[in-house]
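As structure tokens, the structure follows; a few thoughts come after it.
All chains are identified by letter, namely A, B, C and D, in their written order; residue positions are counted from 1 within each chain.
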């Protein structure tokens, strides 16, 4: 077992555990914390997949910005914790679980077909996933999508400001 | 780890996320479950990118993150607006769009 | 475990020993420096009783806090309440892992030690070091939010909200202020950035980024004051309004951890400024045989860093506090735009081949 | 680097003036600054144009630029892709300066504008003798009118807006003139149309024709809509050209025309193209049947009428036909249509002008009539005479309008010539210059109008004798109506209303100076094109013999080669083809036209010189015929009857169909939808989770199906 495999396996276990806890916990804050853990684990998985830039961005953007925003909003709203763990009664919950199992089974059947079809990793060079290589691809082949993503973020920002703005009295 | 492991992990995370969306009562948790699903997809994308030896998958991950950021900003703003109106984050009580 | 692996682990341990020892000592004595310098500025004496010139004061403080009662308020979320100070301290200390303190590696044999170990001037050689630094800086917010939330009390909650908003806001300006350096250097690796600042113009002006990007440095400086919640931006812990901000309810060792975080983040940020804009460990024109080169460079780095630490203290006792809306206006409506314009101009100049 | 490299600046400068005055003028700039910017922008363009034209004819310089490769290697000289001349500038095929020394022509390609499939259109300007003449006329007259406007508009609150529009107009007109392909020309074409609309409706709040409840805005709209009809023809023509030749570039299209003209059975295609383009010209230059907008365009301020609706924009149609001379020359039928339409319009409009009582209306119909002359010239292939007349007409008609404006200004807005008279003492300068213009348009030698009009008539005489008759009669009418105007306005009896008498004053010098300069030009402008036989027999005039036609000859050389018979009449008039015509014949024609002019003036004096009794008696005697002419042949009413009324009827029919047939169908669908909706709404529980669950069920089912199958 190489170091990479140990790292990846550990991160995978952490990721699954934290994901389960996200769903299981009643308190939104604790859920959010476990989600941060999950994101960190996924960042490590990215590292094992050769995406060092991606891992850094995952930490910077997801953990550093998006989840902080979540926590910030949770604190701002500070809702009282809800009593029930799940929204529906036992029957619907059970049925949903059954559906989930069926969904998972279908997915895994598709995934397993990969194992036969040469599910090996290609060998890649030193620069694979480096900031420079990702950046070069991003600013050449994916330039338009990149610009569009920028516009999307701008629109989202404006939208968020408009939505969250408290209306002054007498303003329509 | 071989490709199948990564993809399986991705599937597991995705299903957990789906379950979270379907079962949870708190809108914020539901929203976090959606992030979970997006992450699961990101793992699969990065794994396939590595499998093919190209970087396009990683670029997609990058875009997914951008979209997630936009989504989080707008989504949370909507939650704030709803919370001001209903004083709750319980999704079963938010049904203004009912006929 | 073979010899090679032992050697490797040994090298890493020594690296960590050197840097973390330096940092923790620095943190401890920074508290003293702050108190002595402020006393000096206010024409007082300051702590001077414990040891010669009060030099043992940090130790005494640490012992005092160790023995104090650790109070957990009844409304607190116990687990998160304990987790929060850890979550602020770890990223702050981890930041030092990527900051280089000298140019070339040093062999322990050169120092007269028996081991043939190459000690690199940094703990981890990460090609995205700058991103890691930014990421760690943003992770620090968690501890703050959680501390405020888990205390179950209004003042910490308000303080945490303010801190979070302030830190998120100024992170943008901070990142934008740094980017011009990345643009001209072409690397996110801090050692590369430091190395790129070797040499001089006209033989006496050192080739430091601050002369290329004066505005970037200015914006970074302001952002860092805000990131560290130092005066004039210390709104989150403004004592007339919020008692002590998000760590109001903390006591004993947990409080010490917040205290240490503040100073280690200060040192880390000072080191970051030095590395990015003041040539890091560069001493222009200096060439020495190896053990001395390393030591002089590390010393120069420490000296430059100390200058900024002194600046932090100096400013604290010079400028009054901003109002919160002024702070937010400055961050979003002035600094962000200016930093962005600066970045645009630099990008144009780089594209035009001027830089 | 010569001025030729800078021709792109010529339209940009007025455009910059438009932007500055349009954005800042009203709020931030004082009036002297506004007018200064506007006038200086035009003046700078004029200087640039003069410089560029000088460089264009600097043969040594051109030869150096073309041949001296070593000196200019730094500039990247290379042979142009189509083998015509050489390209100066960067090695980008979509940019640079292309010189054709033989014409001479300089083409400046700015950038690749559109590139769709195999078609690419470049934003390109060209400067050759034809556009040079137009440039000088437009910029020169335009500058004078800008200066005039400073005084005329001094009291108007829309001062900045006016100059902004005026500058925009100049920019667009220059684009039109310097265009190197149809599409760029079309941009200018539409641009000047837009400015025309904006400026006609400049005083959009005021009523222009209270009797018919028309505001100035309505007049603008009428001009715009009528012009659109013509533009539609232009667009169709462009499309046909594009489809046929795969290019809109003038050079390529006309080379294509030459190639196509050789092929059998191509006549109908060429004729169609030419006629479609001519429809555009009809609209823009107010010819039958689309002339109705021009008289109403007099709703605009008088400098606008002078600049746009007399001197420049309306001649764009003539310019376009001449620019496309090669195409028209290759389609003789189309050329005949041009001539007939031109001749008819000239006669008809002159007749109407004789009966109008509004000073600007008279001049408007006069303009229509003169434009008819120009088309008449173009229609017989005498393109250079058409341009000659464009030039002289610009001088004397702009002068007439500005003079009229001066009168209106002095009379505080009075436009009815029945309430004028005896103004010579109060307005000596205005009267003097106006009289010069009147002499010029009447065709009295040696004023400008005489030479251009006489050249046209001489050319027409040998090609279309019937049209010559119409033209000659029109010349007489022209002399009559313009001198009727002079008598009624300045001489005759004093009929000015009392309260306006006191207001009477001579205009300020900013208005008079342009008048004087234009009067000078209207006097001597004709000497640019003295007929050959005349020049030879008058000592000292020899050098001036047909200078302008000679100057333009290279541009119309294509038209000579391509055409058969008629098209050859581009240069040196009829003599080149009709070798048998003697100088005596030409002398005779000239004498006849002078005689007609003098007769017209005399008749005007007889009727209106001292009092209107004789005129009134004559009008009564002519009865319904006179009223028909006075009511402008009731063409507006005719259009109402045959176009608008049926159109409204169709609208009502469509409305009814829409209500009772379409709506019924739509309502049925709507009611069905509503019922379905009532059923389906039960599924809309408002619960996000329910939606998510149902989506998920669908996803699972789909996935299961895909994986299992």
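Assume a residue touches a chain if its C-beta (ideal position, glycine included) is under 8 Å from a C-beta of that chain, and two chains touch if they have at least 3 such contacts.
Bear in mind the structure is a predicted one, so any value in this text is a computation, not a measurement.
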item	value
Touch-network distance, chain A to chain D, counted in steps	1
Chain C and chain B - chains in contact with each	A
Most widely separated chain from chain D, with each centre as the mean of CA atoms	C
Innermost chain by mean C-alpha position	D
Between chain B and chain A, distance of the C-alpha-averaged centres to the nearest whole Å	6
Whole-Å gap separating chain C and chain D, where each centre is the average of the chain's CA atoms	73
Centre-to-centre distance between chain D and chain B (centres being mean Cα positions), rounded to whole Å	64
Inter-centroid spacing, chain C versus chain A (mean Cα positions, whole Å)	29
Where chain B touches two or more other chains, by residue	18, 22, 91-92
Residue list for chain D, restricted to those that touch at least two other chains	689, 693, 696
Junction residues of chain A - those touching two or more other chains	53, 57, 65, 69, 74, 76, 87-88, 96, 103, 107
Interchain contacts (touch definition) - all pairs	A-B, A-C, A-D, B-D
Chain B partner contacts - residues on chain A that touch it in the complex	4-5, 8-9, 12, 15-16, 19-20, 22-23, 25, 28, 31-32, 35, 38-39, 42, 45-46, 48-51, 53-54, 57-58, 61-62, 65-66, 69-70, 73-74, 76-77, 79, 82, 84, 86-88, 93, 96-97, 100, 103-104, 107-108, 111-112, 114-115, 119-124, 128-129, 133-134, 137-138, 141-142, 145, 149, 152-153, 155-157, 159-164, 166
In the complex with chain C, residue positions of chain A that touch it	27, 29-30, 33, 36, 52-53, 56-57, 59-60, 63-65, 67-69, 71-72, 74-76, 78, 130-131
Touching residues on chain D, where the partner in the complex is chain A	689, 693, 696-697, 699-700, 703-704, 706-708
In the complex, chain C residues that touch chain A	77, 80, 83, 126-128, 131-132, 134-135, 137-139, 141-142, 145-146, 148-149, 157, 160-161, 164-165, 168, 171, 188
Parts of chain B lying in touch with chain A, wherever the complex brings them together	1-9, 11-20, 22-26, 28-29, 31-33, 35-36, 39, 42-43, 46-47, 49-53, 55-56, 58-59, 61-63, 65-74, 76-81, 83-84, 88-92
